[in-house]
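Letters A, B, C and D name the chains as they come in the text, with residue numbers starting at 1 for each one.
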Amino acid sequence: MSGNTIGKLFTVTTFGESHGTALGCIVDGCPPGLEISEADLQIDLDRRKPGTSRYTTQRREDDEVKILSGVFEGKTTGTAIGMVIYNGDQRSKDYSNIKDLYRPGHADYTYDQKYGFRDYRGGGRSSARETAMRVAAGAVAKKYLKQVHGVEINGYLSQLGPIRAETVDLNEVHNNAFFCPDASKLEALDAYMRDLKKAGDSVGAEVTVLASQVPVGLGEPVFDRLDAELAHSLMSINAVKGVAFGDGFDSVTQKGSEHRDTLTPNGFTSNHAGGVLGGISSGQDIVARIALKPTSSITVPGETITNSGESAEVITKGRHDPCVGIRAVPIAEAMVAITLMDQLLRHRGQNAGVSAPIPPIPGQC
Amino acid sequence: MSGNTIGKLFTVTTFGESHGTALGCIVDGCPPGLEISEADLQIDLDRRKPGTSRYTTQRREDDEVKILSGVFEGKTTGTAIGMVIYNGDQRSKDYSNIKDLYRPGHADYTYDQKYGFRDYRGGGRSSARETAMRVAAGAVAKKYLKQVHGVEINGYLSQLGPIRAETVDLNEVHNNAFFCPDASKLEALDAYMRDLKKAGDSVGAEVTVLASQVPVGLGEPVFDRLDAELAHSLMSINAVKGVAFGDGFDSVTQKGSEHRDTLTPNGFTSNHAGGVLGGISSGQDIVARIALKPTSSITVPGETITNSGESAEVITKGRHDPCVGIRAVPIAEAMVAITLMDQLLRHRGQNAGVSAPIPPIPGQC
Amino acid sequence: MSGNTIGKLFTVTTFGESHGTALGCIVDGCPPGLEISEADLQIDLDRRKPGTSRYTTQRREDDEVKILSGVFEGKTTGTAIGMVIYNGDQRSKDYSNIKDLYRPGHADYTYDQKYGFRDYRGGGRSSARETAMRVAAGAVAKKYLKQVHGVEINGYLSQLGPIRAETVDLNEVHNNAFFCPDASKLEALDAYMRDLKKAGDSVGAEVTVLASQVPVGLGEPVFDRLDAELAHSLMSINAVKGVAFGDGFDSVTQKGSEHRDTLTPNGFTSNHAGGVLGGISSGQDIVARIALKPTSSITVPGETITNSGESAEVITKGRHDPCVGIRAVPIAEAMVAITLMDQLLRHRGQNAGVSAPIPPIPGQC
Amino acid sequence: MSGNTIGKLFTVTTFGESHGTALGCIVDGCPPGLEISEADLQIDLDRRKPGTSRYTTQRREDDEVKILSGVFEGKTTGTAIGMVIYNGDQRSKDYSNIKDLYRPGHADYTYDQKYGFRDYRGGGRSSARETAMRVAAGAVAKKYLKQVHGVEINGYLSQLGPIRAETVDLNEVHNNAFFCPDASKLEALDAYMRDLKKAGDSVGAEVTVLASQVPVGLGEPVFDRLDAELAHSLMSINAVKGVAFGDGFDSVTQKGSEHRDTLTPNGFTSNHAGGVLGGISSGQDIVARIALKPTSSITVPGETITNSGESAEVITKGRHDPCVGIRAVPIAEAMVAITLMDQLLRHRGQNAGVSAPIPPIPGQC
C-alpha cells in the first residue's frame, strides 16, 4: 500500500494539500448500520479547526465536512465513505517568498529531494492541514467504538514547554482552549503563550490520550501488536518526535518488581503497562503519550539555503501555530480511534470461530 | 495482512514459539544478486543469542540458521528466502507450574483472553525468542543497505537502570557484553547486574540505534513516514514502551529557535530532528531511541491470579534475562534495517520515473 | 486492506453510489512530474459515459471529473491525487418499486445478506456507475505508461452475442459506438441491438484488451504474477464472468508442441501465451479477454422474491444498458493500465539494485 | 506486500524452489482452537504428489510435511503456523544442459530478464513444485471451513484435450488417477495419455472446482469481490490461462432472460452465476473453472535461443507431467479454500457489529 492509507480492515486514505482545492478521505471497512451524520464529524473537526483562539493560527477555515457516499438514510451501508472539506482561506502568495528556500526544520528540503520539486504553498501535503481528514475519519471510529463497546477516548495537553498539568480532570479539558486538564495552569499557559508570540517563537508539547473500556484481546502479535500499530499511527502525526505507553521512558530506570502490574481477583492494582501486555489490550486504560516538537515556522530569523544550495536568511511569516501540540489533541484521539477500530475488526475476524475466550477479570472489559 | 508480517515491498514474515520445534522466517522482496551466506546472518545471530554472558539468560541455543531457498550459487535470486533455526535447549517442564497462572507483566493473561487458551511453554509466541528470526532477516537488509548505499546501522545500550553512557565510541560496543559504548561504565554495569541477580530482580534500559549514510528521500507521506514506520517496527520488539527520534521527549520543552536544524551550503549544523524531516530521511544520521521495561520474569514473589480467577503467588523461575535491554541491541538494529530496506524499495518504485531529484547538499547522502 | 482499494504501490481507492452525491477516488503512488490535467482524464471518461448512443443507457451524466489534489502547476507531485465526479441525473424514485424486491441476477439479495440492508437506489455501490472513477484513475496510469515506456493499451468489443469481430483494426474502434474493430460487422450489430431493445432483453459480450510495448519483467512470482493480478482487476469489473490470456480456454485442447511460442534471435514467432510467461511479462503484447454476462435489468418479466421471502414478479424499468459489454471497453483498458502501473512500480522497487538485467531480445521491450 | 503472500486476514506466504533444500510456508491468521495434525495435511499432499501414477512425473517425492509452530496440544493457537517439506529426489544435473537455453513456453526467459539471472534447476521458483505448500496451507483452510461452516470443496478434471467429462460423480473422482468424475471416460483418457507419452508431447486441460455450503455474504466490494479474489488465486497457479465462474465465456452469447437465476421462496432455480452475485457469495455452489495450458517441457524438438541470443534447438528431458492439469485438481481446491477462508475472516471482521443480516432463503447457507 502506498503511504496515504492506514489500517487493514478499517482503512483510511486521505488526500489534500494546505492550499489545494480540497481535502478528502475515504473510510473503508466501517461496519454497516452505524448512524452517522456530518454533525457527528463536525464536533471533533471544530475542536481541531484553526482560528478558534489566539493561541493558534489565524487562518480562517470552517472545515465543513461533506459526506459524499457510504451513508444511506442516516446509516453506514458497509461500503466506502467518501468525505470532502473544501479549502477556503488560502493565501498562497504568502508563500511565494519561500518558494526557493528550505525552511529549517521543515519538510521543504526532503520533499524536494524525494520528488524533484514541491508544492510550496503552505507546505503542500506536508502541512498539518492534512490532519483535518484524520479527525473526520476518527470521528466515525470513535462513534462506533463508543456505541458498540462503550469505549471512551480522551486526549489532553499534559505539558506545554515547562508547564505540566498536575491534575487530570477530563471535564476541564473541554472548558479551555488549551485542552488542559488542570485548571490551575491556565493562567500560566496564557502568560507563556503571550510571551512566546511576542518573541515570534514556538514551543513543544506533550499530549496524552486515554482510551477506556477497550475490549481485552485487541492487537495482532507479533509485528502488529496494538502498541506497535498505535506507535505507527501516532508517530505519523506532524511534529511528533516520541511515542510512549504507560510508564514509557520512565521504565528505563525501573525494576521488574516495581513495574509489573499485580493481578487480583478484582482486577489489576496498577497500570504501569498502559493497558497493553504482549502487544494485546488488557482491558485497562490505554495510556499513550506523544512528544511534539515546536513548529519551525517562526519569525525569529534563521540561517538556511536556497534550492540551488546558496546561503540565505529565512523568517517564516504567514499564519502558524506557536504550539502545534494544542490542536494535536483531537488529532491524536482520532489516530487512536482509527487504530483501535482496525484492531477490533481484525480481532473479530480471526477470533470468532472455534474457541471461546475465557471470561475477563471483573473490572476489565 | 495478518500480524506476523512486516514491510510492504521488503517483507518479513516469521513463525515460531519459545519451546516449539523451530523458528523460521520468509524474507520476500530482496533484490536479486546480493551475495549472502548463512555465515553473514550468523554474525548478528551470535550477538543476540542467549547464554553468551552471565548477564543474560542461561538457556543454551546455538541459533544456527539454515537458508532453505532464495539463494542460488551464493546470490539472492529475487524470490522468497526461507530460513529456519531449530530449537535445542527447551525445558518445557520448567513451565508446567505456571500453566494455570498469569504471570504479572506478561502476555499470559492477554493471550488467554484473545485466543481462548495459550501455549504456556516459555511464553510461546510471546517470548522474545521469536526475535531471533528478525535478526536473521535484518542481516539480509543490513548487508544490502551497506553494499549498495554504504548505510551503517549501529546500536548500543545507552542506559541501563540508573547508569547512562556518557560517551559514544561505536568501536567499544563490540568489546563488551553490554553493548555499551562507554568503557568507563563497564565496572558500574557489572556491579549493578551482580546485585540485581542476587536480588532476583530485573531492570529497564534504553537502546539507541544510529543509521548513517541513509539516502535522502526515504519515507512515504503521510501515514508511512519513515519515523512512523520505524516507530511501528521498534515498538513491535518485546518489552519496548517508548520510541523517540532525535531530541524525542526533550522537544516538549524546547523552543522552535532551539530545535530547528540550520541548513548551510555545507550541510546541517545540528541534528535535533534525528535525521527525519516531514517523515522523510534528510541524509543526516537517523537517531532512534527505545525504552525497554524490566522483564517481568523475576524471582521476587508477586501476587497474581490463576486462569480461573483465584488469587495466587508467583515466583518466575526458569532462565531469564535480568535486563532484556542488553540483547535488544542487535534486534533493534535489525528492525531499523528491515524498515529502511522496505522504504528504500518503495521509494525506488515510485520515484524513478519522470522527474529527477535535486542534487543533495554536500555532506548528505 | 478493505475492498475498495486495488494495487500495492500504485493504489486506487474509490467511493460512490449510483444515486449518491458523488463518486470519487484517490490515486496514490503516482510518480512525481507527470503532466496531467482534467482534460487528459476526460477523454476516457467520455468514452465510458452513458447516453452517448442509442445502444447504451439513456441516463444523462456529464461525468465531469475534478482533480482536488496531488497536481501542482500541471504536474503530479508524488502525493495522493484526489478526484471527484458529482452525480447529476439521479432519478431515485425510479427505484422505489424495487426497494423490497431482489432483482434476479443482481446484487440486491447478496448485499442485503451481507450488510443487513442496502442502498436500493440504482443498485447503490453495486452499480457499474462506480466504474467511472476507475476510468479516471486508469487514465493517469495510461498516460504515465505511454509517456515513460511507450506502452499502448487498446480495448475493443471482440464479440456481442453471436456476432464476432473477424478482423481487428484498432483505428476502426474509435469510429463506432460499439468499440468494434471490424467495420464489416457494424450493420449486423446495429440490427441485433435494435431487435434486442424491442424485446426488452439484454445480451452478453466479449471484450479484448491489448497492451503493447510492455517492458519485459513485470509480475511478482508466485501469487502476484502479472496474469493473476490482471485477472483480479478484470474480474472486479461488474458483470465479468471469465478472464483469459492468450489462447485462454482454447489451451485445453492444445498440445505442447502447438502452444509453446518459439523464440528466435529476432523475437518470438507466435503469441499463444498472451504476453506472459511464468507470470512475468515477456515483452510481447499482453492479450486479455473478458466475458461479460448480459445485464439482468430487463423488461422481460421474471419471477423473484421480496426481502421478506415472498414470491413476486419483477420487471426492471429504469435506464439500463442492453449490453454492458460495450461500455466495458474503456473500463477494461483502465483496469489493465492500473495493474500494469502497479507492477511496474513494484518491479522497479525490487529490481534496481545489485544485478543488471540481461538485454532483451530485439523486437521485445 | 511482495508476491509470495496471498490473503489479507488469512495469509499464506510460501518459499522454495524445485531443486532447493526445502519448500515451506507460513499460514497466518488461522483462528485458534482448530484441531489440526500433519496427517490432516498429508491427505491432500498425497493427492498432489508426483510419481503416483504413470500419467504424472516420475520424480519421487514423499512430500512429507512437518508443522514447526502454531499448533499446541493438537490445536491451532491463533499464531503463525510454519510448515516445511524437504526436497528429496533432486537431480539438478538433469538441467545443466538447459542452463543457458530459454525453453520455449517456460519462465526461463522472463526470470532472466526480470532478475538478471536464474536458478535453472528444474525451473527454480517457477516450477509447479512450489504448489505443494499451497496444498498444505489449503488443507488448513479446508478443515476449518468444513468444521465450522460445513463447506465442501471438490475439484475434478472436467476436460483433458478433446475428452470431456459428461457426468459428474464426485465420489468417482477419488477412484481414479485422473481425478475424473466420469468413469465412462477413463479408458479413453488412458489411451490418450499413452499415445501422448509415446509422442513425447503434452496436452491442456480444464479443471472445475465446486464449493458447497459457502455462507452467503462473502466478498468485499468493489475490488475484492469474491470472484475477483478467486480469479487472482486460481490464475496464480502455474499453467493457468483462463478462469471462469458459472456460465463463464458461454455468457457472451446468452440473453439476460436466459442467464439470470430466478429466486423463489425455496431458493434459486438455476445457477448460471456460479454462486456469486455482485461479487458476493449467494449461498449457491461456487462453480469455478480453469483452463491449463499443456506443459512446455516436452521431448518434441523445438527452436529457441540461448541466453546470449543465439539460435538453438531444445529437447526438454527430465521428468515432467504430460498433462499438468491432472495434478492441478488438489491445487485448485487449495486456492479456493485459502480465498474463501480469507474472505470469511474479512467478512466476519467487518460485519458483526451494529446490524444483523436478514435470514437467508431456505436452501441457501
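Here is the rule we go by: contacts are C-beta pairs under 8 Å (C-beta built on N, C-alpha and C of every residue); 3 or more make two chains touch, one makes a residue touch a chain.
Quantities reported herein were computed from a predicted structural model and do not represent experimental measurements.
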{"item": "Most widely separated chain from subunit C, with each centre as the mean of CA atoms", "value": "B"}
{"item": "Result of counting contacting C-beta pairs for B-C and C-D, higher pair", "value": "C-D"}
{"item": "Geometric centre distance via CA averages, subunit D-subunit B, whole Å", "value": "38"}
{"item": "Inter-chain centre distance, subunit C versus subunit D - centres from mean C-alpha coordinates, in Å", "value": "25"}
{"item": "Inter-chain centre distance, subunit B versus subunit C - centres from mean C-alpha coordinates, in Å", "value": "44"}
{"item": "Residues of subunit B engaged with two or more neighbouring chains", "value": "1-5, 8-9, 14, 29, 32-33, 75, 78-79, 114-117, 125, 221-222, 346-347, 350-351, 355"}
{"item": "In the complex with subunit A, residue positions of subunit B that touch it", "value": "1-6, 8, 14, 102, 104-107, 109-117, 125-126, 130, 159, 161-162, 196, 201-206, 216-217, 219-225, 227-236, 238, 240-265, 272-274, 277-283, 291-298, 300, 302-305, 307, 309-311, 346-347, 350-351, 355-361"}
{"item": "Subunit A - residues contacting subunit C, complex", "value": "1-5, 7-11, 13-17, 20-24, 26, 28-29, 32-33, 66-70, 72, 75, 77-82, 84, 114-119, 121, 124-125"}
{"item": "In the complex, subunit C residues that touch subunit B", "value": "8-9, 29-34, 75-76, 78-79, 144, 147-148, 221-222, 345-355"}
